[in-house]
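Same chain, two partners: chain A is paired with chain B first, then with chain C.
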Partner chain A sequence: MKYMNKSIEELHELLVNKEVTSKELIEESIELSKKVQGECNAFVTILEDAKEQEVTDNLLSGIPYGIKDNYSTKGILSTGSSNTLKDYVPFFTATAIKNLEKANAVAVNKTVLDEFGMGGTGTTGHTGTVLNPWDKTRMCAGSSSGSACAVASGVYPYATGSDTGDSIRKPAAYCGIVGYKPTYGMISRYGLFAFASSLDHCGVLTRSVKDAAIVTDNMKGIDKNDMTTWDSSNINLYKSLTGNVKGKKLCYIKEICNLENYPNRSEELNNHLVNFFNVIEKVKELGIEVEEVSIDKTLLNAIPSTYVVISCAEATSNMSNLTGIVFGPREDANNYIDMIKNYRTKGFSSLIKRRFVIGSYVLQSQNKDRYFHNAQRVRRLLVDEWNKLFESYDGVILPVGSGPALKLDNSSNNLDKETQLLEEHLQVGNYGGFPSITIPDGFVSNLPVGINITGKCYDDENVLNIAYAIESTMEYKNQIAKEVNNG
Partner chain B sequence: MKKFTEEMVIDYADKLLIGLTDDEVKMVLDEFEIIDKNIDIINTISDIEKVEPMTHCLDDFKYSLREDIAEESIDIDDLLSNCKETANREVKVPKVVE
Partner chain C sequence: MDKYKVLIGLEMHCEISETNSKVFSSASNSYSEIANTNIRPIDMAFPGTLPVLNMEAVKKSLMASIILNCQQPEHIYFERKNYYYPDLPKGYQITQETKPAPIGIYGELKYECNGEEKIARINNIHLEEDAASTDHYPSFSTIDYNRAGVPLLELVTYPDFHSADEAVSFLETMRSIYQYANISEADSKKGQIRCDVNVSIMDIDKDETLEENWGTKVEIKNVNSFGGVRDAINYEIKRQIELKEDNMYDDMEQQTRRWDEESATTIYMRSKVDAIDYKYFVEPNIPKYKLEKSLIEEVRSLIPKLASERKDTYINEYGLSNYDATILVKEKSISDYFEDTIKAGAEPKLASNWITSIILGHLNKNSLEITDLYVTPTMLKDLIDLVNTNTISSKQAKEVLYESLESNKTPTDIVKEKGMKQIGGEDEILKVVLEVLEEHPESINQYKSGRNNIVDFLVGQVMKKTRGQANPAMTMNLFIKEIEKR
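This part shows the complex of A and B:
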């Protein structure tokens, strides 16, 4: 690896000084893509004909990157990692990707996700499981599995992701990189395959907070095709990274973080939480005040079910257009009902089918209040609690997950796992549309673990600057995965 | 409240035009049981019914409508490029009237 392990600023300087060309970077990135595909199965498509771009003042110009395969790309296969769209070639490009094109960024591959983003393991994509580059017996988490794997492997400095529950921020933790979803509506969702529209966010996976700021500055912007976008032209994330955080205030929630909540904790969970509190001490040394706060456990325990009810209901509705009649592989049958049924039965994975049925059930008029509306009520109560915290604090700081990447043979998309508060609390970031960033904060069992900072809506500059300062106290910036052998 | 039964799962799946295997039916029921228990807990939150359901992330969002002026639209040939069967710039669909 000659160049692709470098940061965006470093690559830009090399390009400007003509020490390397855009073409050479693309060639290296494509070679690395093939290697990582062979080892970890991170890509749906490798764009071998990717063309070099002129190097301009824009930091992203001429530099390769990856696109999660649920972003529409004109003329390029865009499958959502689903058999139902295995041959779908969009006729338009997602706004966020168009914005990167305008910056002269060069897409070199489309990355694997959990089918349509509905999963957290990287095991449900139609091209197979994505393996964690640190330890191939473990998962990358999901749904932005391929993007996380590729960035951690040093294929390029960044890849796009999408995040409906924690689909950027959990894979980032499992792969030892940075994952950032900005405030809802900062980046247009036009051209992103809709999963649960009220929760879906676009975002990015990188190896540093600074790179996340640079990429997001280029992806964001108001878009007439997405009426939930807002004018963020006064926000410059890159320039806001001063590292000056003296006097800032963060809090952590004791019901999620404290060791005594987990009397039967594994060694990995124990070490993850001990590491979290060690990092909190470093955060305090920066001049940031950190306090413990408490939130009603009943409310917190409702987080995962609230997510499943809302996301399944919205997904059932959003994906009713997948019939195989207008696009997708049309099935043969004697009538159109059987055609659609064959297409949907064969095309969707088990997980998706289950979630559609649950989504349909909770939307029935006789069930709607008990399930769907109550989930939406809990959503509001949780968002209100977080917003109350943001009246006193710049952000909430919490550990991501219950330790390092889970073993693939324990992979589960069932709720019994998801009831664990530690695994699912990042979903609140989607309920409220809060800016939320995961950065690597250490190692457990020789594998990376992550920490998350979430702030109030529209306060992305502050949240990223805090993350930038915390990142500077540790040694995990710009790290590339090194396969470990845990025996 | 009528319990979510195997027959109901199959019926709902059928309405969604999805076929489920026996294992998948069981997985739906198992997953749903956990949701149902959590919803029972949610119902114990005092005055939950008085909370306004939250449907979007941003309550302060102001939607603005553009002027009703026709804009450039996507070329029909592009739109038809993913269709398996077309005829005269239209999508050829299976017969729907029995």
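This part shows the complex of A and C:
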């Protein structure tokens, strides 16, 4: 690895000084893609014919990157990691990707995800399981599994992701990198295969906060094709990274991160939380005030079920366009109902089908108020609760997950009820459309773990700057996965 | 029949044809015979596409809501109606349900039926998108996505109609409103209007304001012409009365039927029990939109004069008969033609006469639309002028108009080409008059002895000699003067 372990700024400087060409970077990135594909199965497509781009003032110009395979890319296979779209080649490109093209960024591969972004394990894509580059017996989490794996492996400095529950921010933690989803509507969703429209965010996986800022600055922008986008032209994330955080205030929620909540905690969970509080001390040394706050546990416990209800309901509707009639492998049958039924039965993984059943159930007229409308009410209560925190604090800081990456062989087991809240709390960031970033904050069992900072809507500059400052107190910035052998 | 009262409710779907683009898609909103030409990726629901609301369509539907005296909501929302059908590419239709409130709710509209004024209550009017159109062949079907995403207004009335006549009169009034307000061509030949009709019967002596007295509602789907609405209602009334007479009415379940034009019957589709659960929820990709009072007022100020107002003007300001005014406003295109002729400078009564007598006859005879006509309002005005200035006689003018309609030449050119002109000067006509009197000296005495109609014969002779170019009234006066001199 000569160049691809470097930051965007470093690569840009090398390109500008003509110490390396765009072509050389692309060649290295494609070589690495092939290697990582062999080791971790991170890609649906490797774009061997990727063309070098002119190096301009734009920091991204000429530099390779990866695209999660649920972004529509013109002329390039875009599968959503689903058999239902295994041969689908779109004729239009997602706005966020177009924006990167305008910056002269060079896409070199399309990365594997959990089918259509549903699932958090990296095991449900139609091309098979994505393995964690730190430990191949473990998962990357998902759904942006391939993107996280590739960035952590040093295939390129960044890849796009999408985040409906924690699909950027969880895999980032498991892979020891940065995962950021900006405020809802900052990046256009036009061309992103919809999972749950009110929760779906585009975002990015990088190895540093600065790189996340640079990439997002280039992806974002109001889009006439997405009514939920807003004008962020006055926001420059890259320039806002001053590192000056004196007087900022953060809080953590004791019901989520205090050790006494988990009397039966594993050693990994214990170490993860101890590490979290150690990092909090470092945060305080930066001049950031950190306070403990308390939120009604009953409300917090409703986070996961609220997510299931809303995301499944929207998903079942969003994916009703997948009938195999207009696109996708059309099934033969004597009537359209059987055509659709055969196509969907064959094409979707069982996990997705289960979610469709849940989604349909909660929307049925006799259940809608009890499940769907109540979930929306709880969503509103949670968002209000977080917004109340944002009146006093610049952000909420919490540990990501209950430790390092889970083992693949028990991934199908139900997650421990006790730690469920720890696993799922990032979903609140999607309920409120809040800017939310995960950065690596240490190691447990020699594997990376992450910490998350979530702030109020439109306050992305502040949230990123705080993350930037916290990142600087630790030595995990720009780290590349080194395979560890835990036996 | 005398024993029963009929209650009819209508659901009228009308495409909004007068926007440039579709309601959630930037594809052109225009009718095309060539399949799959007016489409964008969203119209075929390609993955990653998103709806973008067309504000023009919102304004048009808002105008309809105001005209129907509906209440307007504080915010505009859209909802998804989820179901699978080959003509519905997304697997859901973006529409508006009654909760949250659609673009218009609880209105009423006055309409005329057989000369009587009636009122229909409107439950709601909402904006939605049309589906694709399908054609079925023995071994395959085709889908045309041109229609997918075309803005559609669905109007739902209360069961306030008591006969097919009332229902159809209401629909005709609505069509006229859509046309006059520039919302839609409302052309059922282009499939722009589709109706669902619900019909029930109840005992005549019971109070229809109490819902418990109503009969069992039968909904008839997809009636695509007003004639079909009339026939379907009448068929259904007859069918239900027969059930009642046979004591089978009470066993009839609430149901959906479809109108089969070929057999002119309604055919059972499904029972209420099997009704589809559409799993409505608010469309997350279209943020709720605050409907400002100022926008409502702006749209209100833009409502053009509707048929009834134009008719009032024609009668009260132009002095036309109720009969002629009614004919002129029946179709907006004709009323527009009439008004354009006046705007060009023609006298309203004359313009009305020419249009109602000759032009409409010509249209009917040749099954033409007035917009197809070669003769423009300005040409018609020129022709009227030629008569007014005594250049040609009105008899000549009629011939010129017919020829112009047939030959696609302007009336002015025809008059010029044929050297047609009316001999207007007294001196010129007098010469011919004297000539004729010389040829028919006996006529003088005949006239003096009381045979006044001999003058008509003499005028005819003048016409013959001048090939119709003499002004008949002037000729007659000259004869009378000349004879009385002798």
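Things worth noting here:
One rule holds in what follows: the second predicted complex is superposed on the first by the 480 of 487 C-alpha atoms of A that agree within 3 Å, B and C clash if a C-alpha of one lies under 4 Å from a C-alpha of the other, contacts with A are read in each partner's own complex, and residues count from 1 in each chain.
The rule is short, and it goes like this: a residue touches a chain if its C-beta (ideal position, glycine included) is under 8 Å from a C-beta of that chain, and two chains touch if they have at least 3 such contacts.
Remember, it's a predicted structure, so these values are computed and weren't measured experimentally.
Legend: residue contacts after superposition of the two complexes on their common chain; A:A150 is shown touching neither chain B nor chain C. Legend: residue contacts after superposition of the two complexes on their common chain; A:L192 is shown touching chain C, with no touch to chain B. Residue contacts after overlaying the shared chain place A:I214 against neither chain B nor chain C. When the two complexes are overlaid on their common chain A, residue A:N225 makes contact with chain C while staying clear of chain B.
In the superposition on chain A, A:F91 makes contact with both chain B and chain C. Looking at the superposition, the partner that touches the larger set of chain A residues, chain B or chain C, turns out to be B. When the shared chain is aligned, chain B and chain C each come close enough to touch A:V326. When the two complexes are overlaid on their common chain A, residue A:S365 makes contact with chain C while staying clear of chain B.
After overlaying the two complexes on the shared chain, residue contacts for A:A481 are found with neither chain B nor chain C. In the overlay built on the shared chain, the residue A:V309 is in contact with chain B alone; chain C does not reach it. Once both structures are placed on chain A, chain A residues 88, 90-92, 198, 224, 227-228, 316, 323, 325-327, 336-337, 340, 360 are touched by chain B and, in the other complex, by chain C. Chain contact summary for the complex, chain A toward chain B: residues 87-92, 184-185, 198-199, 224, 227-228, 230, 298-299, 301-302, 304-306, 308-309, 316, 323, 325-330, 335-337, 339-341, 344-345, 348, 350, 353-354, 356-358, 360-361, 370-371, 373-381, 383, 414-416, 419, 430-433, 457.
Contact residues on chain C toward chain A in their complex (touch as defined above): 41, 44-53, 80, 82, 84-86, 89-92, 141, 143, 277, 279-281, 284-287.
Residues 1, 4, 8-9, 12-13, 15-21, 23-24, 27-28, 30-32, 34-35, 38-39, 41-45, 48-49, 51-58, 61, 63-64, 66, 74-75, 78-79, 81-85, 91, 93-96, 98 of chain B are the ones touching chain A in the complex.
Residues 71-72, 78, 80, 85, 88, 90-92, 94, 189-194, 196-198, 224-228, 313-314, 316-317, 319-323, 325-327, 336-337, 340, 360, 363-365, 368, 372 of chain A are the ones that touch chain C when the two sit in their complex.
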